[in-house]
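So that you can tell them apart, the chains are marked A, B, C and D in the order they are listed, and the count of residues begins at 1 in each.
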Amino acid sequence: MDYAGFKVGSDSDLDTFARRIKEHGIEVGEIGAGEQPGLGRRLSFIVPTGHRIELFSEMALSDHGPMTRNPEIWREEPHGMRVTRFDHCNLHGPNIDQVVEFFTEVLDFSLTEAAETPEGIAAAFLSCSNKAHDVAFIRRAEPAKFHHVAFSLDSWHEVGQAADIIARYDIPLDIGPTRHGITRGQTIYFFDPSGNRNEVFAGGFIYYPDNPKRVWSMDQIGKAIFYYQRELNQRFMSVVT
Amino acid sequence: MDYAGFKVGSDSDLDTFARRIKEHGIEVGEIGAGEQPGLGRRLSFIVPTGHRIELFSEMALSDHGPMTRNPEIWREEPHGMRVTRFDHCNLHGPNIDQVVEFFTEVLDFSLTEAAETPEGIAAAFLSCSNKAHDVAFIRRAEPAKFHHVAFSLDSWHEVGQAADIIARYDIPLDIGPTRHGITRGQTIYFFDPSGNRNEVFAGGFIYYPDNPKRVWSMDQIGKAIFYYQRELNQRFMSVVT
Amino acid sequence: MDYAGFKVGSDSDLDTFARRIKEHGIEVGEIGAGEQPGLGRRLSFIVPTGHRIELFSEMALSDHGPMTRNPEIWREEPHGMRVTRFDHCNLHGPNIDQVVEFFTEVLDFSLTEAAETPEGIAAAFLSCSNKAHDVAFIRRAEPAKFHHVAFSLDSWHEVGQAADIIARYDIPLDIGPTRHGITRGQTIYFFDPSGNRNEVFAGGFIYYPDNPKRVWSMDQIGKAIFYYQRELNQRFMSVVT
Amino acid sequence: MDYAGFKVGSDSDLDTFARRIKEHGIEVGEIGAGEQPGLGRRLSFIVPTGHRIELFSEMALSDHGPMTRNPEIWREEPHGMRVTRFDHCNLHGPNIDQVVEFFTEVLDFSLTEAAETPEGIAAAFLSCSNKAHDVAFIRRAEPAKFHHVAFSLDSWHEVGQAADIIARYDIPLDIGPTRHGITRGQTIYFFDPSGNRNEVFAGGFIYYPDNPKRVWSMDQIGKAIFYYQRELNQRFMSVVT
């Protein structure tokens, strides 16, 4: 993975975050507007798990985006997996307690749910919205690893349709349809032609900032990850750089 | 309706909002902690549509709330309409432009979607979250009217189950199952034994603060309200105090 | 409507039915094979409601039909309303008791469900399968009227998608999404560009020949027809020739 | 398994089937009415796979069965897995070609779908209705083995709810939610406290007697059994007596 980017509310927020990140002891680079088409200036920095994270405040809207004047439910009938938007990514690396501290104290995320061990947090689900997570970090010795990217579907029905499409076209399935205990999302995982793991999922709880943190212990980690199967499988442990 | 309350992030936010509301020219009362069981101190004020709104920062958790330690998907199997939470209320009154100004400038809501006329906003959908709306205001000459309260369901499937329950028990149906053009929610309305209109609904778009505002013109108001029927009906216009 | 046709099991069944229909006192015509492309010889006769019904035993398979060798769930991803097959038609005319007698005694259908009045059957739902109905007859003074043709969908989810498509393209809606009390089907009705009423629906009970007949009385006819609305509407009463 | 029973249309059909079964060379026993409460006289015989099959024409209706006079969609709100009826059983044993011959030629079933090998049929799906199967036979050296019993659900949504219930109460999961290539049913399997495998499933194609037989070759048997996983697993091979 090259980097994961988050959009902030305004250009002045970039300055505020740059200051806060530096005060936290992390070096911040800046990439000028236009380095990527349609994208404004970006802050770029390495978080304790070794991943590059970027922040930006301006991105051009697509000409083919949603209607805003008397908006129909869709412009053209959706097809394929009927994905509605990018949702989150899942990243593996060391120093999970530190990355949680950074995301919650510096970037104003909330830790919505975690799997905890006596040695600290093994899996952290972090949200800057009402979603159960906007990014997840999982403990692993090697830094800067990528596990999956996830796209949002409308319902369990669409998860089933995605499964039909995956099977019909002999796309390599990882696991699913199933449900996560963590986040409660209904999900299916598959590998794209580049070998990257993709998730399409629906549901998951709506997070409010006053929700008590949900915590899983390692003896229930199978159910935390795959609520139906209640056990991890080796294939789901693979990551890429 | 006596009042609608919103929970704010912290006790000090109450002080900040009290100051901002007064600076906006609206009188603010305060109700002491414990006046309602489990509820902390509240700010109370009348918004331009004539409705009483309250803010609070502390509310005791139910003993029967969601599990937080190795949380199962539910404690006990859901039954009935399988409502997951209170979602929003819909209020009618005059001065919609002013109430929008108040909610966006003073209470930090966003106007996600609106029906607009040459005389100003006729229907305003306001969010302080990633939901399409947390409260809606509709133009009407009489102040302080209540149209409906809405509860959240998980999917269109549950909307159908709610319809089955409403019919099976001969509960007075208002309209639905249908979909709103505004918010895109899939919905059914019925009257409870007190004569109040209730909505249970699913779906609706996920709102992000950088979304362009969606605007409906009055010639499409039928589709805005009931996307399938494409026309208002007289019964849906009724309100109570 | 020109005619409604039913496929029988074999060519010799045509001879058996021709004899039984004539013994019942109804004249039977025969149309030679090939009069319509791909269609074998047909029996043609007028039932007591005034409708022309035909029987045939041979029809050529489409080159684009379902796969039969290691059959995938679909050849090409379904789109639009995702109709799976023609299901039934609904016909209006006089002499409902007589048409029921004909279909049950001569054509071996079962009367699965009926609305009954002191003057006889007002609405008859007849099945020659495990479906709640393969044809329905409704009492009306004028003979040989056509009310609607119905196509099958997989689930309530698809009924909602059909509603989205009907609304998105401003196709004239008749009623729905709703549920019928009779048959329990989940349904939506719309008018095609020719002005004919079409239904797409899902669900409905599975009929077994030992099921007791379900009977509705006229004081519950609203719920029988539209289980959710619990009342007929005038528009749904229209028919064509 | 003690026996699987099928209900025939009338008492005289029992005599007809008794004659046909004997003519086929299979011995037929008869069990008198009332040996089981509410059950009429039964024919009992052993089919070529070693399983005892029974036929009967009379069974008393439950006092708590479906309503037949102005029938509501349900008497009491369904709960749990919301099973609608018993659907089929899956039996393992030798002589699959012979058992298919017996069910199609003597008992008037249709072979809707099969997995075929050069040595004959390995898996046979037999229907006496519009369902994709009413009984299935799978090739195995040992006679008279029981694989699973299946109950019908309304939709993929209910399959997901069944999965939630199975996980919530730590019921042993076998496999699912998934889909079968054969029959196309959407399914989940679990073990009951007696150790028997149970299936709850939805969907599956509607069978008409003029449908061409669907045939799977053994190189696609993984997809035939589990359309999503595309491979058998050892646990699914277990049977009981």
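The working rule: a contact is a pair of C-beta atoms (placed from the backbone, for glycine too) under 8 Å apart; a residue touches a chain by one contact, two chains touch by 3 or more.
These figures come from a predicted structure and were not determined experimentally.
*Asks:* Looking at A-C and B-C, which one has the bigger number of contacting C-beta pairs?
*Replies:* B-C
*Asks:* For subunit B, which other chain has the most distant CA centre?
*Replies:* Most remote chain from subunit B, centroid-wise, comes out as D.
*Asks:* With chain centres defined as C-alpha means, what is the inter-centre distance between subunit C and subunit D in Å?
*Replies:* 29
*Asks:* What whole-number Å value describes the gap between the mean CA coordinates of subunit B and subunit C?
*Replies:* Taking the average C-alpha coordinate of subunit B and of subunit C, the gap between them is 43 Å.
*Asks:* Any idea how many Å lie between the Cα centroids of subunit A and subunit C?
*Replies:* 49
*Asks:* Out of subunit B, which residues touch more than one other chain, so two or more?
*Replies:* In subunit B, the residues touching two or more other chains are 73, 155-157, 164, 167, 179, 223, 227.
*Asks:* How about subunit B: which of its residues touch subunit A in the complex?
*Replies:* By the definition above, subunit B touches subunit A via 7, 9, 61, 67-71, 73, 84-85, 129-131, 152, 154-157, 179, 181, 184, 203, 206, 208-210, 212-217, 220, 223-224, 227.
*Asks:* Quick one: in the complex, what on subunit C touches subunit A?
*Replies:* 72-74, 77, 79-80, 155, 157, 164-165, 167-168
*Asks:* What does subunit C use to touch subunit B in their complex?
*Replies:* Residue positions touching the partner: 156-157, 160, 163-164, 166-167, 170, 173, 176-179, 186, 223, 227-230.
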